[in-house]
Structure formats: structure tokens, C-alpha cells
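Paired with chain B in one complex and with chain C in the other, chain A is shared by the two complexes that follow.
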Partner chain A sequence: MRKQLEMTSNTADDLSKEVSWIRMVASEFVRSKVNVVALGLFIISVLTALFAPTVAPHDPLSQDLMKRLLPPAWIGEGTGEHILGTDTVGRDVLSRVVFGARISMGIGLTSATIAGIFGVLMGLISGFFGRGISDLIMRITDAQLSFPFIIVAITIAAVVGSGLWKLIIILTLWGWAPFARVARSSVLSLKEREFILASRALGAHELRIMFFHILPNILSAVVVIWTFTLAQMILAESTLSFLGFGIQPPTPSWGEMLTTGRQYISSAWWLSIFPGVSIMLTVLAVNLLGDGLRDALDPNLRV
Partner chain B sequence: MGRLIARRLLQLILVVVVIQTVLFFILRLSGDPVSLLAPADASPEFVEDLRERMGFNDPLYVQYLRFVQHTAVLDFGESFLTHRPAIEMVFDRLPATVELAGGALVLIILVAIPLGVFAAMGHGKSYGHFLTLIVVIGQAMPSFWLGILLIMVFSVDLRLLPSFGRGDLSHLILPSVTLAAWFMAKTTRVVRAEMLEVLRQDYIRAAHAKGIPYHLVVSKHAFRNVLITLTTVLGLDVGQLLGGAITTEIVFAWSGMGRQVVTAALARDYNVVQASVFVIAIIVVAVNLGTDILYHYLDPRIRAQ
Partner chain C sequence: MGKQTELTADKDNNALIQVQNLAKYFPVDDGRRRRVVAWVKAVDGISFAIQRGKTFGLVGESGCGKTTAGRTIIRLMEPTHGTVLFEGKDIHSLKGQELKAIRRDMQIIFQDPYSSLDPRVPIGKSISEGLQIHAIGTKRERRELVMEMLCKVGLEPYHAGRYPHQFSGGQRQRIGIARALALRPKFIVADEPVSALDVSVQSQVLNLLKDLQEEFDLTYLFIAHNMNVVEHVSDRVAVMYLGKIVELASREELFGRSLHPYTQALMSAIPIADPEVRRERIILSGDLPSALNPPCGCRFHTRCPIAVDHCSVEEPLLNEIEPEHHVACWLVN
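Showing the complex of A and B:
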């Protein structure tokens, strides 16, 4: 019976509306060339990360002491075999940059997503339930947003040590706050609206209201914050790895590559330039993607 | 006003207590601190003696109370590495970090705010687009990489500015630009967005209609309103500047507390880490208090309440 009801409500008309909304957002999004370029860069980063073993010309860990510090192909002793040159122990820089994308994108996407889910849940809880919980959660986000994250991360890393999952947990602990704040304020503004009252009058359970009526309404805001958080996560991961609290050598990560690069500033510039450019382009693409999505999803937010 | 300050001071004490508690438990949760302190080849008797001497055999709440008691008088114990009082080491390095953060803050205020106003006025024009591009790039660059690039160009190639250490003003230029860059981009963006928002308001149109010259409308009617939001943003940034100072200090071998806290954390010199976090927490909370009070003065609507 219930199933039937749901089926009849999903008429063809509803479905076409759904599709046309996505189409509308998409067409709004591609109207700006900047957005298209950003999306392209983002897709390239993700694909590079996914297919790193295929894309990379060499094993990122294989050393060759005879070929230490070779410059990029277009300079002096550079060879076509190592297009972006080699590092201090003769590892191929291009291959390390390619595999670095795995770490950056992998850690960024994972921690931004977990932070998003956790933050939205906390926000929904704090918007729905009493003042006590709500105040507590909001004070925690206040404190987190004003206190320098790097210090906290370093303290925790110093105690529990570093490693892939520890890094993801630290980043998640830091990144959930904006999601919680946005989710909470949306709940507060939505929960007195008529359609919520209506479904409550129809006897809908609180959880149903939370997940089927409120959540869909805040999704576009969440997607936008997720994008900006992703950019922050990539920057934070590279910073922590640069300082020695993140991914440990020999695993190639962009931040860790810059630690070595810094020591060879005057003799081997390519060790610093390529990982840095990779970080910048990725973060740039993700930030622009966020701007584009915000404009396309919610024209009211546009400045 | 007096009540506001009193209430905020009470909050300050509360926050500090919370930070102390969190710190205490994080550091104790990691397991047995003694096993980390003692040399690898230490005899069991030595380890037991060390544990007894450092009070790790007492119940947790006794340890906690002792910790609170000690931190209340800024006693964080000795550094395991240098055997000097941890808090003294932090205070020694504090001026360098404050100098760096101060330099960055000056840059943010002197460069980013006018740039933001300028970008808002160039909305839809080519220089407006150009500034937006710069801002977007500035927000995507990791500061430590920017530092490396600046050293490459200004120290290695051009030999214009020193690449490391503290000294006269020329030593401060590259580090403070490095630290400020991301914040300058953000502030420019905020100022631009706020300016565009304010310039759309009816009272701006009214001011134009009265025949007030354009630059006066922008500077007096629009900008003053932006200043209020800006105070809050900059206040929150001070804490983040202290965090950002860490990477900058590493890149430029700047002997501030940021570099010290990294060294201490890598060596698991907990007392120094604790003292550093504590001092930074106090600064952050105090700056936020100051921002609130300033906000109070700047916005007549709040003052009237």
C-alpha cells in the first residue's frame, strides 16, 4: 500500500522536473569558461590520482644514484627519459608528482567527505534538539574556527604519531565545523516553514523530517562547502607533510617533496617548482569549482 | 561596557581551563609518557624510579589537579631537551613570532584593504577581473611554497634580500609577505564582497542623489560600514596568523616559537609543546576579547543597546 502511494507520487511530471533542475544548474555552470577550465583541471587531477601507475613513466620509489639531480628535459643535461628531472637520489620527479596526486586527492576527498557527513549530522542534531546540546556544539565550532588548526594538528601528531589514517582523522576533526554551522542555521530557518509543519501534521517522524525534508534542502549549500573544504584539506595535508607530521618518506607527497626541494633552492629549482605548481593548480581548480557551483546552485549567493 | 568586559573575562578563564583539560588528556591518552622519556636501553628500575619521580604513579585525578595547579602559575615543567623551564623558552621566542605576525598584519591592513575597495570599484571592468584573478591565485598557493619561490627570486637570483634569520627590516620583508599572502587574498576578497554589498544599499543611492562626490560616498558612507565586518574577520585572523607563522618560520629559519614548537613536537618534548599551545591560546582569546570591545566602539547600533 505504502509502496503504491510512493509510486503514484513519483509521476513522470516530477521526474522531468528533477532532470530539468539538474540541466538548469549544469547549463548555468558551463556558461562561464572559468568553470569549465576548473572542472577540467579537477577531473585531470582525479584521473591522475586514480591511474597513477599507468600515467607515471617510472616507479616513484626507484632510485638511481648515477642520475642524481638531473634537470628537466629542456635544460642542459636533461634527458627525455626524465621529463621533469630527478631528485637527490635519482628518483623521477614527474612520477613522484603523479603519485603525489594520489596522496593529496585521496586524503583530501576522504577527509572532506567524512568531515561533511559528521558536520552535517552535528548541525542537524544541534538545530533540532534543545538549546543545551546546540550551544555546546556551537561553542566547540567557535573555538575550532578561531584556534590555529596547525598547532592542534602538530600537538596531536606529536602524541599519536603520523600516518595516513591518523592524518585523515586529524583533518576531519578540523574540517567538520563549517558544515555543522551551515546545517544548523538552515535547520533553524527551515523548521518553522509550512512544508515541515505539514509533514509533521501528517505524522511524520522527526528523523524522517530531518533526512527527507530538511537534508535535501541544504544539500546544495553542503556541496559548496565541501568543495572549499576539499581545497583547505589539500593545502593542510601538504603543509603537515612539509613540516614532517604528515605522510612520511619515501611515500611521495607534494608537501614532503617540497621539504627536500627547500634544501636545494639554489641548485635544483625543479624540485620545488613542480610539486608546488601541482598543489596550486589543484587547489585553484577546486576553489574555482566551488565558486562556480555556488553561483550555479544558488543565484542568491552570488556577489 | 564594564559588564561586557567582565563577562568576556570570565569566558576567557573558562576557555583556558577547557584548553588545559583537553591538553592534559590528549597528552596522557597517548599511553605511558615515561616509556617515551626514558632512553631505549634504560633498566626497569630506572624507568620505575623516573615514573615515581614524575608522579605518573598517582591516580589520574591527582595528576590532573597537579597539572592545573602548575599551569595556573605558568609552570609547565622543564624541556626534556634543554632542561630549561618550558615557559621561559616560549617567552624567549615570543617576540620574534609577534614581530613576524605584526609585519604580516600591517601588510594585510595597508595592502589588502585598499586593494579590496579598488577591486569592488573595478567590478565588471578589466582591472577588477585582474585583481580577482590575483586573489584566486593567492588563495591557492601554500605559503611555504610562496616562501621558497620568494627566496629563489629575491635572495638567490637577484641577491636583494636576506633569505634567513632575524635582523633589520630587510630580514622581515620576505617572511612577512609569505605569511601575509594568503590572508591578503582573503581580506581583499572579503572587502570587495562587502563593498559591493554596501554599495547596492539605498542609503548609498541617497548619498549619490544628494550630490556628494563619488570618493566621499565610497570612503565615508560605504567603507565605514565595511570596517565593522572587517574588524571581526581580522580579529579571527590573528589566531590563524600565529598558526601560519609556523611554516613561514621554518622556511626562513626564523627563530620564533613556531619553529620551536615543531622541533619540540618532532622530538616529543611535550612540556614545550604544552607551554606553546597554552600561550597561543591565551593570545587568541585575548585578541578575540579585544575585537569584541573594538566592535562595540565601531558599531553605534551595538553601543546603543
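Showing the complex of A and C:
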């Protein structure tokens, strides 16, 4: 792509008229304020996760039993030192929410991306090669999609134990199927298009057609699924942690905070409300982002 | 049948392409158990030869197998049987590097300018794709050649970085032509290259194809359903009906003295730009029969205005009625 841009700028007399595809999508995307807000929230979540040690005012693990169950700053005994209050052993809730973003976003992004890459590869293979392989892969996705996720995840977690990478593997195994299906159906519809035939007539190898022509053309669909999968992954991670099969205490994760906060919901609501709101806002932002991307990318698919 | 193979065998050695008894059947399965229950005989035994530097027109109505024939001839599809000789080489027996090498010599221009260019690839890159695949020239040389090709087809060098959606149908067709010509092929299958374009643009593209033919010494297989267009560009013309060639002659012969009733019906449908001229129209009844279950005997007998009983019994072969004029009809002698 970069080479192409070089070529363009070398030869174009009227660069101003040059409309790159990405720029077109971007201008379509920012037309809706909801999209911009969603993107903003998403970026904030990612940055928070990345720079958690800088953003968090306290060590999320340091306990102070003298200051346990302090309410948020704007209520009663609340202090400016702990803006969102403290938990049952005096840990700063804000800091734990910030570090929780690290777990949620980290696991979500990693597993959605691995699932995406794996699923798209499977879809390409299944769309490109003969019926045998294609059928096999599609039956696996059928089976995959018919299992209730929670049951499977709990079973796996019970057998192999829980942990960061195990969680990512469970989520990846659960999330690749939609990518494979969409990739396969796109390949099947693109395969007969004339530009693919033209490339074949030029003598192109199948791999070249697959990665140079098919992949870029399904990428926008994949990006949309990726965002929706990301939202599901974040929710699933929280669910598993909430059920005790995910990240183990004392590592802060939103799901785990919900679990411990649940017992104090009537006396210390801030323990569960803030991680709950974080989950909600992040998932909402990612879902809206996916919606916006789909709308922005779709008209261009028809070109 | 003996006469049919003779037809191509006795052609002089100047033929660039020789198609011999070419057939392409598509399997139809029953949808569930994947058993082949029938065959669509899209192309069912056609033979002809194309002379170097000439244009061979292939006409017929939609669904008669023209496109399948064109694609099989440059091996975008494998034939069910029959052979295609390119400079005497059977292209369907080639493998690996040999096949890749011969692809340089044979290119195709597609009908639909909107589907024939990758929407995600700038057109300069599309045009140079063949050069890249065959590792021709350095990056700079390739770029220069792209510029040159753009100029040859009437576009500007600065268009190279643009995407297909920024061009009109006619311009896209020119880009498709530039892509096909970048490898300097000897033979081009032009699959209805102008039928998706406005009439005003059609003639520009046709003239461009003619100019390029002279400049690069190209041989065309020109597929079309528009008789006027075929008359304008072709040296020899074959008329196809339901996967078979029914008449094959030079342009002058075919357009001056068509012998097959189907060709005559097509001719009578060409509009004449003179309101004073009255001419009898031959109107064919019914639709093109399904290639899945073609009529027995002569495939045209169900719609033929002059059919006799024998036509539905035995299939007529393509016979040389007059020198260089072949017709498949029982009633033409």
C-alpha cells in the first residue's frame, strides 16, 4: 500500500483530487456523532489499559484495612484520595477498575484478533479448496456454534484450570467460527468475479489470488465481525471471571470485582457499580463502533 | 465427424489457434447426495481455426456457450474433451512453468467493466500485475510500461494511482485492455468487450481494439451478440447456437449470403438506418431451448421456420457448402 501511495504522489498532478479508500471510509464514519463518541470511548479504554500504571492513582493490590469500604469522594466520608472509594480490604476501586481494563481489553483484543486470523484462514482455505476440506471445516463450525459457550468454557476451565492464556485459548476456540463462515461465503462469491479470472489468466498463483485479491476484499467485513467479537469477548471474560473460572483474585478484573462486590451491593454499591458501568460502556462503545464501521464500509463494498 | 476434423487439419500452418472438437459440459448434481444427475452441454464440439493477425468473430444469443468457449480456449476452464492448439501446442496438456509461460501469450478482455477490476487495487497495479507475476523488468521499468500502456489506451499516466470506482465504464474497459496488453500477448479473447458500454463509447473502444491490433499484431477471438459490431471488426465469423457452430464463413460471405436459417434470422434483426427500406423480418418463436436437454436432431429445429421431419431425427454436420463457407443444415446444399 505504501509503495502505491509513493507511486501516486510521484505521478499525480492533482493530488487534491486523489481520494484514497481509507479516507473515504473515514469521512463516512465521522458523519455520525455516535460513531465519534464510540470511537472516543474505545480509544480511552485502550489507552487506559495500555497506561494503567500511569493512570491509576494507587497500586491496585495494596491494602489498607484502616480505610476499608470508603464511599466515593462525593458521598459522606469519601475522600479525594480514593475518588471511587475503596473495597473490603481498603484497595482503591478506581485503580482496580483501571487495571481491570487491562485484563478485559487485553484478553478481548488478543483473543478476538487470534480468532479473527485463524477463522479467516480457515474460511479462505474452505472457500478456495475442494468440497472435502470445505465440508470438514464447515461442519466443525456448525458443531462449534451449536455448543452453549458457558458450559464448554466451564468444562474446559475445570479440566485444564484457569489462567490468562488458557482463558484466551478458550475464547479463541469459541470465537473463530463466525470469521470462518463469513470469509468462506465472501470467497465463494468473489471467486467467480471477473477480476479473479483476469488474474488467473495473467498466470497468478492461487496463493497470490487468495492474499492479494480475495483477502483485501473481505477485510472490511472481517473488521466489522472483529469488533462485534471483541465486544462478546469482553463480556465473556467478565462472565467467566464473575463465575470464578477466569482471572483469579487478587488480580483485578471487572468480572471478579463484580463477584466480590455482589455481596455488598446494599451497603457498598460502588464496589460493583463501577466495574459494571465500565463493562457496559466498553461493550457499548465497541458495538457502536462495529455498527458505524459496517455502515461506513458497506457502500464501498458495492463499488 | 471426419469432415469436421479435416476442417481444421487442412488449414494452412498460419493458424495461431486451432480449436478441435472442443466441448465443455457442466455437471448438475441433485443438490443433496452430490450425484451428477445431468450435464449442461454449454459447448458441444466446436472446431475452427484463427489465422495470425486476424479477428475471428463468434456470435450467438445469450446462453449459447460463447463465453464458455472463449474461456476454455485460453484455459480458464478445463474442457470436457477436444483440444486447443496454440502455435501447434496443446494448451490443455501444459503444466506448471509451461502453462504459466503460455499465459503471457493469451489474454482476455471481459464484458463487465465493473466486475473485471479489483475494487481494492489501484489501476496501475492492476495493469502491472502480469509483469509482476512473470517477473518482467525492474520496478521502474514496470512503472514506465504502465504509463505507456495507459497512454496507448487513451488514459493519462497520473491515473495509475486511482481506484476503479473513480472511472467510467468506458475508461474501465480501456484499463482492462491495458492490463491484457501489458504482457504483449499474441492472442486476445475479447468477450463482449463493448456490450456493456454506451453506443458512443462502443465505437471508440472498437476502434482502439483495431488500432492496437495493428500496432501489436494481435489475433482476436471476438465474442459478441451484436451483429453490427461483429461485422465491423471480424475477418471470419462463426455463428453459435446451443453449443454448436451452425455457420462459419468469411465476413463478406456471411453477411452477404448467409445460408443457415438461424443466421438469416439474426441478420434480419439488424436494424437498417433507412425508413424506406422494407424487409421481411424472420421472427423466431420461443426461447433458446435449455442446454440441459437440447432438442434431438438439429438443435435449431424447434424454432426453425423451414424445418422438415428429418431435422428432428438426425443432427446435421458442419459441411463446407462452398469454399470456406461451412453450414450445418440439412436444407442447404
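Points to keep in mind about this one:
Please note the rule applied: the second predicted complex is superposed on the first by the 280 of 303 C-alpha atoms of A that agree within 3 Å, B and C clash if a C-alpha of one lies under 4 Å from a C-alpha of the other, contacts with A are read in each partner's own complex, and residues count from 1 in each chain.
By our rule, contacts are C-beta pairs under 8 Å (C-beta built on N, C-alpha and C of every residue); 3 or more make two chains touch, one makes a residue touch a chain.
Model, not experiment: these values are computed from the prediction.
After overlaying the two complexes on the shared chain, residue contacts for A:126 are found with neither chain B nor chain C. Of the two partner chains placed by the overlay, only chain B lies in contact with A:151; chain C stays clear of it.
Once the two complexes are overlaid on the shared chain, A:193 sits against chain C while remaining clear of chain B.
Which of chain B and chain C touches more residues of chain A: that partner is B.
The contact surfaces that chain B and chain C form on chain A in the two complexes overlap at residues 303. If you check the complex, the residues on chain A that touch chain C are 4-5, 7-9, 11-14, 18-19, 21, 131, 193-195, 197-205, 208, 212-213, 216-217, 300, 303. Note for the complex: chain B touches chain A at residues 15, 18, 23, 26-27, 29-30, 136-137, 139-142, 144-145, 148-149, 151-152, 156, 163, 192-193, 196-197, 236, 239-240, 242-244, 246-247, 250-251, 261-262, 264-266, 268, 270, 273, 276-277, 280-281, 284, 288.
Taken in their complex, chain A has these residues touching chain B: 143, 145-152, 154-160, 231, 235, 238-239, 242-245, 255, 258, 261-262, 265-266, 269, 272, 275-276, 279-281, 283-284, 287-288, 303. Interface of chain C with chain A (complex): residues 34, 71, 74, 76, 99-100, 103-104, 106-108, 110-112, 115-122, 124-126, 129-130, 133-134, 143, 147, 157-158, 160-166, 176, 179-180, 183.
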